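Got a structure for you, questions after.
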Amino acid sequence: MKSLEVHLRALRDSGRKALVPYLVAGSTPDWIRHVEAAVLGGADAVEIGVPFSDPMMDGVVIQEASQRALERGTTLESVCEELESLDGEIPLIAMTYYNLFLHYGLERAAGRLRQAGLSGAIVPDLPLEESDEWRAACDANDVATIYLVAPSTPTPRAREIVTRTQGFAYATARMAVTGAASDDGEGPRVAATLRAAGDVPVYVGVGITTPEQAKRAASYSDGVIVGSALVKLVLNGATTSEVERFVGSFRAAID
Amino acid sequence: MKSLEVHLRALRDSGRKALVPYLVAGSTPDWIRHVEAAVLGGADAVEIGVPFSDPMMDGVVIQEASQRALERGTTLESVCEELESLDGEIPLIAMTYYNLFLHYGLERAAGRLRQAGLSGAIVPDLPLEESDEWRAACDANDVATIYLVAPSTPTPRAREIVTRTQGFAYATARMAVTGAASDDGEGPRVAATLRAAGDVPVYVGVGITTPEQAKRAASYSDGVIVGSALVKLVLNGATTSEVERFVGSFRAAID
Amino acid sequence: MNSNVMGPPDDRGRFGDFGGRFVPEALMPACLELEGAFLDAWSDPAFVEEYRLVLHQFAGRPTPITPLPRLSERLGLQLYAKREDLAHTGSHKINNVIGQTLLTVRMGKSRVIAETGAGQHGVATATAAARMGLSCTVFMGEVDTERQELNVFRMELLGAKVVSVTSGSRTLKDAVNEALREWVTCVNDTHYCIGSVMGPHPFPWMVREFQSIIGSEASQQLDELGVGAPDAVVACVGGGSNAAGVFAGFANLDTRLIGVEAAGGAAVRSGSPGVLHGMRSLLLQDEFGQIEEAHSISAGLDYPGIGPEHAYLAAAGRAEYYAVGDDEVIGALSLLSVTEGIIPALETAHAVAWIAREAGGLLPKGSTVLLNLSGRGDKDAAQVRAILRGEA
Amino acid sequence: MNSNVMGPPDDRGRFGDFGGRFVPEALMPACLELEGAFLDAWSDPAFVEEYRLVLHQFAGRPTPITPLPRLSERLGLQLYAKREDLAHTGSHKINNVIGQTLLTVRMGKSRVIAETGAGQHGVATATAAARMGLSCTVFMGEVDTERQELNVFRMELLGAKVVSVTSGSRTLKDAVNEALREWVTCVNDTHYCIGSVMGPHPFPWMVREFQSIIGSEASQQLDELGVGAPDAVVACVGGGSNAAGVFAGFANLDTRLIGVEAAGGAAVRSGSPGVLHGMRSLLLQDEFGQIEEAHSISAGLDYPGIGPEHAYLAAAGRAEYYAVGDDEVIGALSLLSVTEGIIPALETAHAVAWIAREAGGLLPKGSTVLLNLSGRGDKDAAQVRAILRGEA
């Protein structure tokens, strides 16, 4: 079992709901400070988006952040370098599109992630069927391969994903790309399916915009991922303390 | 035999080369004065162009004059009315397109021409084959039907035209619509064919621009028609005495 | 029905009272030569075979018959379309120019001239001329060269010379005048490739013959589809070539032949007999016999006359002619686009508009109707857009 | 030759190393459903029959093979053109959209979405959707909606909604991203009608199958003409659908298959393996794996990738791929126009340019060559004119 999963299972078993804020690496010059602020705010893990030119699974907010990051010259390598400077205790999880890893070389990429302190990776355009090579590379480097499950995923398939995912199973709450939403969507149903299918922690993401939503999501899952809402704050020029306060408000809601 | 033909044969037999200037009726307010001036300048007959919207056989100069005349409200009727005021001695010949006569009514049109003192008519879009009805109307009104012969007309056909034309045979000197030219074109050949084919006077027209050309044309024919060169003068705002002088210069050349 | 309603004209080129050959003497020999050459070619199986082969291999014939199920349902009719819009260059015009350019080559001439309004016939002629290796000059009113710059460019791309005509109203009828004037100067080596069933004999007849492939294909195709003779065939009418072409396939059947004119160019509905451009036909003219300009939303119907055979068919009661106003045309164009996925030319949209208007009226519910879809609307997109936005 | 070079992909949707299905989990069920539905339909004679009937009656198939005698003589080759420019909407794109919209109806879905660059595929999709009574939304980069306003209008006339995409480079690749994003939200009732042999399995294979009618018609037609298997088949390559369609008819013969890319979008010549838009293929990308924008004079070739089957055919050495620069294209467009009376699309002109350049070079004198004339140039007239006048 990957160290990430060991960690996250222990967290769950301790009765604490996991809070995983998402930030786009490089979207502002002080993004590393934001990562730190998120941790100070109470994050249990941070999802680090590595910007890609064609973020097919992302809505306008993350697209915009990715584009700013690319314009600032952000690369997989630069992200890893900057993260190395971080003296973090909590897990970091990479989130990006497959082409960046493929181009870097799968083995090399997985090794580089680990070296930079990233112990898991979410690759939204890499479904189960296409992920053998990437998982092998991750396996060799103690990087957890985290899969998503969608509302459209049939139950048998969801079960299979649960047996394969490492660290946690990512329950997407709606049929939509990342972005703001105001309701729970299909989060309850998806999370329930996943929890029934296995023992791995189940986190809910996509569209969790307010502490109230997060609170509800945490009630039927093991953790929540807060993406676009936070990225939007950053795009609007948030200070580190604003980031910390924002994450803190989610922390307070789910505890 | 039509009175026009009687007149023109007599003219030829007297040894005088016929000079037939062409004017577009209505193209200027004082066009009737130009007709008089042409007579004073030595015309033996005047060709009166009745303006038509679509003068298919005419070049730019006569097109322009026709358009001005139409804009001034010129009609077949108005032309005939104005000509009635003219106290002329010499023959007037109408030149226009068939639709104006057809629309006026063929019988009625031929009668109106005669009444206005027009004793002949040239209809360039009415070839031999289509002209029976019009000729019948003209015959009933002592209006001569004048046919054109082109350089492209085969000799047998030219012979037939010569037997049918009344007043004179119109030898067009070139394969072109009316307008200026500098050489004799095929005038000599066409005129020779026509003269060999019968006894009717043969006049040469189309492209006779200078007294020198007219002189040469008169040497191998019985008369010349001077169209665009004169119309251009009028369009440029010629006074009646300029018209008279211009026609006079042709008179002098061919005598 | 008369057993040969759309036969050849008489030997003076007349269809009843209409037609004939009202041209300057200078052009008579060329018209006679052309008549002889056409007669000879059209009875020569090798020529007919070549004409058909070029239409097949180059122009994409046969064009299909498309059932129009959704529009049929909407209108309560059984509608079919003959798809001339799919022919090379986008309309039926290619049928005629291929016939005439082949004839040009056969007559040993090396050049064609043509008139054009919006540019459809000009582009078709330039196309066929390029294909046959003929040189080509197209006359186009200055007003039209300005509003149809892209078609001027297309003709030039195809190697044609485009002459902007500045005489008269500087539109289509003046382009015809100018082409005739030019033809006088070059009949020896040049053929005048006229664009519709108009002009002096033998043009109206010859162009109809070259276009009658539309009707002969269509009647056979409808038979094969099990539809048989339709109750009505509907075509728009400018000069009348697409209508004549499709009518020819049904004239001897029990089918109504319906021509739809633009209200502002309705020579049959609003014109009177007269002579223009070498023919006696129905013309728009003022009280003095001066030809009037036609005014239509669609450049291809902007002609003040109509082919003489149509004047005859109207007089003889064999075909019916109706007019459609500019205001009905855009709606009809949208209707066909959105129900059937075919954007018709503005010209064709007149026929569609009439069908839509008369479904259940002059066209009884349940009628089987063949629409001659004479051309595609791509050329009209900018104009229609401007109209819909209230910019034109 | 291998007896089934262009067979189906393996069960993971791979052609050799390329292809696959790199999509968000949310789209996996739709891709699997589509694969099943296509397999089922494509082996159902009734479906195949309907697909062929619509292509015949509505889209004008078969398109002809046109011998190009004057260009052949000029280049010292035996040239033939497969005339996809004569298909409804003016290019081969219609073959694919008719297949996909019929499948949409069969799957019980009521709506299609599509991406488009210059608008060709968007217009074709809007057309087929209108024909089938489906609602339709087309995603088009904002840069493209601005430079191709008329195509936006055409789609709207056909009843489609056009969404201007403001993300990324605001061109074709972003329109694909946006269509995929939209698809996630509406897979239940909506089919994503992709425009070329690209995207996740089964799209590259399905689109190739729908386009292979080009090649199967062409090989039969060349046989009927007595030409037999040509020495080479040449097609332009954007995503690669027209090329794949024509190649399919000749892949198992002794014919060279030649794809011509735009120099500024030459995924085979200048790209490297990567994953984009659901497929593993050759892509233009920078040293970090970020996708680069393609830049071509022709919007239809402005795509930074290529269909995975082409990547495979190139790797396997079965097909050859070459690039042609913008500077060669306009001359080639003129050349075909003036010698043969066919104005090709700028995309197609790349194939013409390559043939003209390599006649006597990579294409030995006397070779028999089939040009896939993928589309007509009407859409490009304004652009070509601006270029020739030095305005662009």
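Which chain is which? They are A, B, C and D, in the order written, and residues in each are numbered from 1.
Note that a residue touches a chain if its C-beta (ideal position, glycine included) is under 8 Å from a C-beta of that chain, and two chains touch if they have at least 3 such contacts.
These numbers were taken from a predicted model, which means no experiment stands behind them.
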item	value
Smallest count of steps, each to a touching chain, taking chain A to chain C	2
Remotest chain, chain C as reference, centres from CA atoms	A
Inter-chain centre distance, chain C versus chain D - centres from mean C-alpha coordinates, in Å	34
Whole-Å gap between the CA centroids of chain B and chain D	66
Between chain A and chain B, centroid-to-centroid distance (C-alpha), Å	97
Contacts with two or more other chains, residues of chain D listed in rising order	none
Residues of chain B engaged with two or more neighbouring chains	none
Chain contact graph, described as a line, ring, star, complete graph or other shape	line
All chain pairs that touch each other	A-D, B-C, C-D
Interfacial residue positions of chain B with respect to chain C in the complex	52-60, 63, 67, 70, 75-77, 97-100, 102-104, 124-130, 147-154, 157, 161, 172, 175-177
Contact footprint of chain A on chain D as seen in their complex	12, 20-30, 167-168, 173-174, 177, 180-181, 184-187, 272-278, 283, 285, 288-291
Complex interface listing, chain C residues touching chain D	56-58, 60, 63-67, 70, 83, 85-88, 90, 126-131, 133, 149-150, 153-154, 157-159, 333-334, 337-343, 378-379, 381-382, 384-385
